[in-house]
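Okay, so chain A shows up in both of these, paired with chain B first and chain C after.
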Partner chain A sequence: MIDEKAPHETLTPEIRTRPFEKKKQGSPKRFDIASLLLPLLVLGLVLAVWAIVPTLKIRGHPLVEDYALPPPLTVLQSIPDEVHTGRLFSDTVASLFRIGAGFSLAVALGVPLGLWLGSRRSVRAALLPGVNFFRNLSPLAWIPFAILWFGIGDPAAIFLIFMASFFPLAMATMAAVATIPVVHFRVAKDYGFQGRELLLHVTLPAILPQVITALRVTAGVAWIVVVAAEMVGCKDGLGYGIYDARSALRLDLVALYMIIIGLLGIGLDRLLSQLTRLPGVRWGYER
Partner chain B sequence: MSSSFKIVLGVVAALAAIALLRFQPWHHSATVADATVHSGPATGARQALTVGFLPVTCHLTCPVTDFASKQSSSGTNFSSQRFTDFPTVAEAVKTKKLLATFMIVPLAMKLREQGVPVKICYLGHRDGSEIIVRKDDPAKSLRDLKGKTFAIPSPFSNQNLVLHALMHQQGIADTDIKCVPLPPPDMPIALANHAIDGYFVGEPFAAKAEVDGTGRVLYYAKDIWPHFISCALVVHEDLIKEHPDQVRDLVMGIARSGAWADGHRVEAAKLVAPMYRQNEKLLEFVLTKPKDRVSYSMLTPTDEDLQKIEDMALKMGIMKKPVPMSELIDRQFIPKDIQPAEIKMPAAIKVAAR
Partner chain C sequence: MNDNFALRLDHVSRDFGGLPVLDDLSLTITPGEFVVLVGPSGCGKTTLLNVLSGALAPSSGTVTTQGVLRTVYQHDGLFPWLTVRDNIGLGLRGLTDKEAKARELAELLALIRLEEFAGHYPHQLSGGMRQRVELARALAGRSDILLLDEPFSALDYQTRLRLRRELARLLALRPRTVVFVTHDIEEAAQLADRVLVLSERPAQVKTELLLTTPRPRDLTDPSVVEAMGRIIHDLGLAESDFELREKNLGE
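Right, the complex of A and B next:
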């Protein structure tokens, strides 16, 4: 039997020898400091504008009323209470759990479906219109059904996240499979690859970079959906926290939760972007 | 493949860790408890009943009852579960996830019309809604507001019905004032931003504009329709059949809590503020300025009152077919003698984390 690494070597020799490392080595320290300082600078500017705007007055009237834009200090002051009661923590865990469960489920089912769709013309003909139909439905339209079918709480939110990420993932995987050059399969055929081997050594390495990009995009969508879904279908979670704070006329808490959601979203994307460092997919990002 | 294996392992480990944190198996708690705002302190309670409410003063007796449920004779611990919108409450009742709740009256009628077996067993409160306009608006009646936009909490709210009834009374056509449903918390800000010109809603969202200095009261509900009804206690027939003692206890608790709240308005604001997560001063304003802005007595639903609401709903096309009052109302649990609940104000009110 052929060596396991052989097809990879055969299929992407010129890419593997590209001098990517050199580019990265160019004064790494300055690059790091700039990438740390610049965002902090922008953050500081935004905070400064946010702090100054509520204090501005036009002809004795405040430009923005306190109730329309809570000042940063008020938001800061709302933190201890939320931390103390444990609400912030339990809400964060609830949202992370839902996105973890719903998104993993979507990946576990969506990627295989995409592979199947991409590799079989007849399957594509049969299922593609359906996948396209559901992909274009806003997952939030499912909210009433989610509540009726799954009740209020985790299952409803997980279902909505699944609906938000499953179809785009299947589509992206399918598209990625369709773009694999036919020559790859021909070469693989010459080596006698079939079934599982073909999948593991030709198809997957070829599509992974695109799939990882799709994962990052859909994770972002899923994060938006979990927050929106929790506003109606749940009794906890960051989205519910926003909705609840809004009912309680506490815009400072709304702002606090928005900041947490944004930060966690960045974290989530950072985590998924680590996948691009996998040795097997690096070729897809080296241009 | 080993790095892929590591990633899969890492993902599984992270998911497991989050799941552990989420369910905290070392922290045994009932499924209901993690969603309740506050659980009644009944000692030795043999059973528990969750009652739904929204953080509006209309439903104020709900958390008070839960607080006072140590006086329960059926050994029931009443737990109040806070919701944020009525569609979710309606869906929870349909699927029997919630068997007793406070709800806007026309929505309860609509549920009954759709075949959901619910009964109105008691009322939430009387009055407690206002038509608010901008502070600088010179309007003296709805006639001065032709062509303007008004916000209502829901098409299925009594506020919507009564606003239209008042428009007809003043000779204004339905199309002369544009009505848009808006979440109550957004109304005060929408008014200040000129997105709407007025709104009709239950407290404390009406008083909020007054306290902020952006709005003023055009009509108190009591001036349009004395003893205005907004919400009622709605109970699923399953609960009435299986646990009539719980329903009796609940209605008694609400009646007694209402009698207490009527006489202890400042204390009531203090007691529910943390459960509502609302500003105590705002709630105090609602309950005391003027005192008859909200009333927690006369909570027995009469055929006459509810028929009037239903007739308006039918006329407006919100309901398609009439529901007989005998099917809708169940008065068997209302006590004859209502004594104010004995509530000892705690030094600090402990509110369970979500």
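Right, the complex of A and C next:
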């Protein structure tokens, strides 16, 4: 029974209708413009600060000397010369070749070693301490040996890049193997995968997303090492270019080379990030 | 000796570091039979299944299987780097004739009604779809025994009901010997030819229940309801059991 005298509110729960809210629709096109304009805006600001600082004066004295912080325009003016002599180009090619060779070698040997470490307990027991030791040793510590063994030139730089990327790659691959669900191996057994087939068709694809991430991180480290290796172990390359320009007190050139190195580093990562678009690895990034 | 069996355990025991999980368990499963193992959690169901599948060796006793055996898991059973088509294709690895393989693959996709999703990857499917793909893979080609390890327990309730029906339908078309491990009493009553209720650890077969109503069975079918009552009673989960325990506790 419903008591008619009871306060109305207690009987009929208040029904509130919420107006359908139209979501603010940022059109995809507008979003693209923002994502393009915002970084350009920040870049412009940084350049502006860089341009203004050298012109500042305190009591008639410049805040920084011209040679200590060459303004952007000076850096820009140094480009034609460097392009004309072909040095910028040849230095870039030399550096890219070295990282290409050293990094490829590290991938070709480091990933298989990681797989081996990950799938065999005895191998892990034997080699893991060594891998750990070298991973924690700065590759730059090898410079004296690299020069002694290989002399000045490509092989020394390639060796250093290899030492910088081989051990982290092996470790990352090994760690990835440890995360494979045990169910995958049981299923593999049910469907007759063994030995080499198991490794290539189960273990490897199971860790590929993580390996690709490791490749990107390690390539960044290797690119940093290129510059350092070339400063002492080579007579060309972007790193040597910086060293050479410094000796001549041409800090405008140093800045130019720094910009090139940074841009190439971004390019390298963009290139490797394309690997994450492979259909067989998307699962690793979307869950 | 009766040689007509698909799977047989003879006095199987298994312990983990001195803790007996299976103790002198004997069990025979005949070809084409649908056996459901139900037991309280932690009673050793999964250990039993791992012993049956060969993933785990018994401490003593023997396990004999006749035929190709495949396991369907609760989750992670599909290879995430392969499409639906390629995952099911794993079950057809034995087939060398390419044409026959393609035909069988198309048939299996039609069987689980996922033709449109052949090119999808597992992470792009719902949980129910994924389990259907797993079933199709396990049924592909020459397989004789299916071990199902709580295959529907990660799914929502309504999907679970649908997939029970789906499993019954698939098995009518492609008969197999099935060992189905679950904690779900409804599942047992709706699907099994024989329900084995396991005791607490170490697992022993406490009671055995035979069900003859043809599949698919409605959840509210009297035989199913009756079976559920029996299983609940055998597991010590009936209201009278609770009352008894509370009374004992009070004294």
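Here is the rule we use: the second predicted complex is superposed on the first by the 257 of 287 C-alpha atoms of A that agree within 3 Å, B and C clash if a C-alpha of one lies under 4 Å from a C-alpha of the other, contacts with A are read in each partner's own complex, and residues count from 1 in each chain.
Simple rule for what comes next: a contact is a pair of C-beta atoms (placed from the backbone, for glycine too) under 8 Å apart; a residue touches a chain by one contact, two chains touch by 3 or more.
The shown structure was predicted, so the numbers you read here are calculated from the model rather than taken from an experiment.
K.L.:
Using the touch definition from the top, say if A:100 reaches chain B (first), chain C (second), both or neither.
P.N.:
first
K.L.:
For A:142, select first, second, both or neither according to whether it touches chain B, chain C, the two together, or no partner.
P.N.:
In the superposition, A:142 touches no partner, neither chain B nor chain C.
K.L.:
With both complexes overlaid on chain A, does A:280 touch chain B (first), chain C (second), both or neither?
P.N.:
A:280 contacts both chain B and chain C.
K.L.:
Going by the contact rule set out at the top, does A:257 touch chain B (first), chain C (second), both, or neither?
P.N.:
neither
K.L.:
Contact-wise, after the overlay, does A:86 reach chain B, chain C, both or neither (first, second, both, neither)?
P.N.:
After superposing on A, A:86 lies in contact with chain B but is clear of chain C.
K.L.:
Going by the contact rule set out at the top, does A:68 touch chain B (first), chain C (second), both, or neither?
P.N.:
first
K.L.:
Does chain A have more residues touched by chain B or by chain C?
P.N.:
B
K.L.:
Which chain A residues contact chain B in one complex and chain C in the other?
P.N.:
Shared contact residues on chain A (touching chain B in one complex, chain C in the other): 279-280.
K.L.:
Quick check: in the complex, which residue numbers of chain A touch chain C?
P.N.:
181, 183-184, 186-187, 189-192, 202, 205-206, 208, 279-284, 286-287
K.L.:
Could you pull out which chain A residues touch chain B in their complex?
P.N.:
65, 67-68, 85-87, 90-91, 93-94, 96-97, 100-101, 104, 144, 147-148, 151-154, 231-233, 235-236, 240, 243-250, 275, 278-280
K.L.:
Could you please specify the touching residues of chain C with respect to chain A in the complex?
P.N.:
By the definition above, chain C touches chain A via 53, 55, 69-71, 73, 75-77, 79-82, 90-91, 93-94, 121-123.
K.L.:
Under the touch definition given earlier, write down the residues of chain B that touch chain A in their complex.
P.N.:
3-4, 7, 11, 14-15, 18-19, 21-22, 34-35, 54-55, 81-82, 84-85, 87-88, 91-92, 94-95, 97, 183-186, 188-189, 192-193, 204-205, 208, 212, 276-279, 282, 351, 353-354
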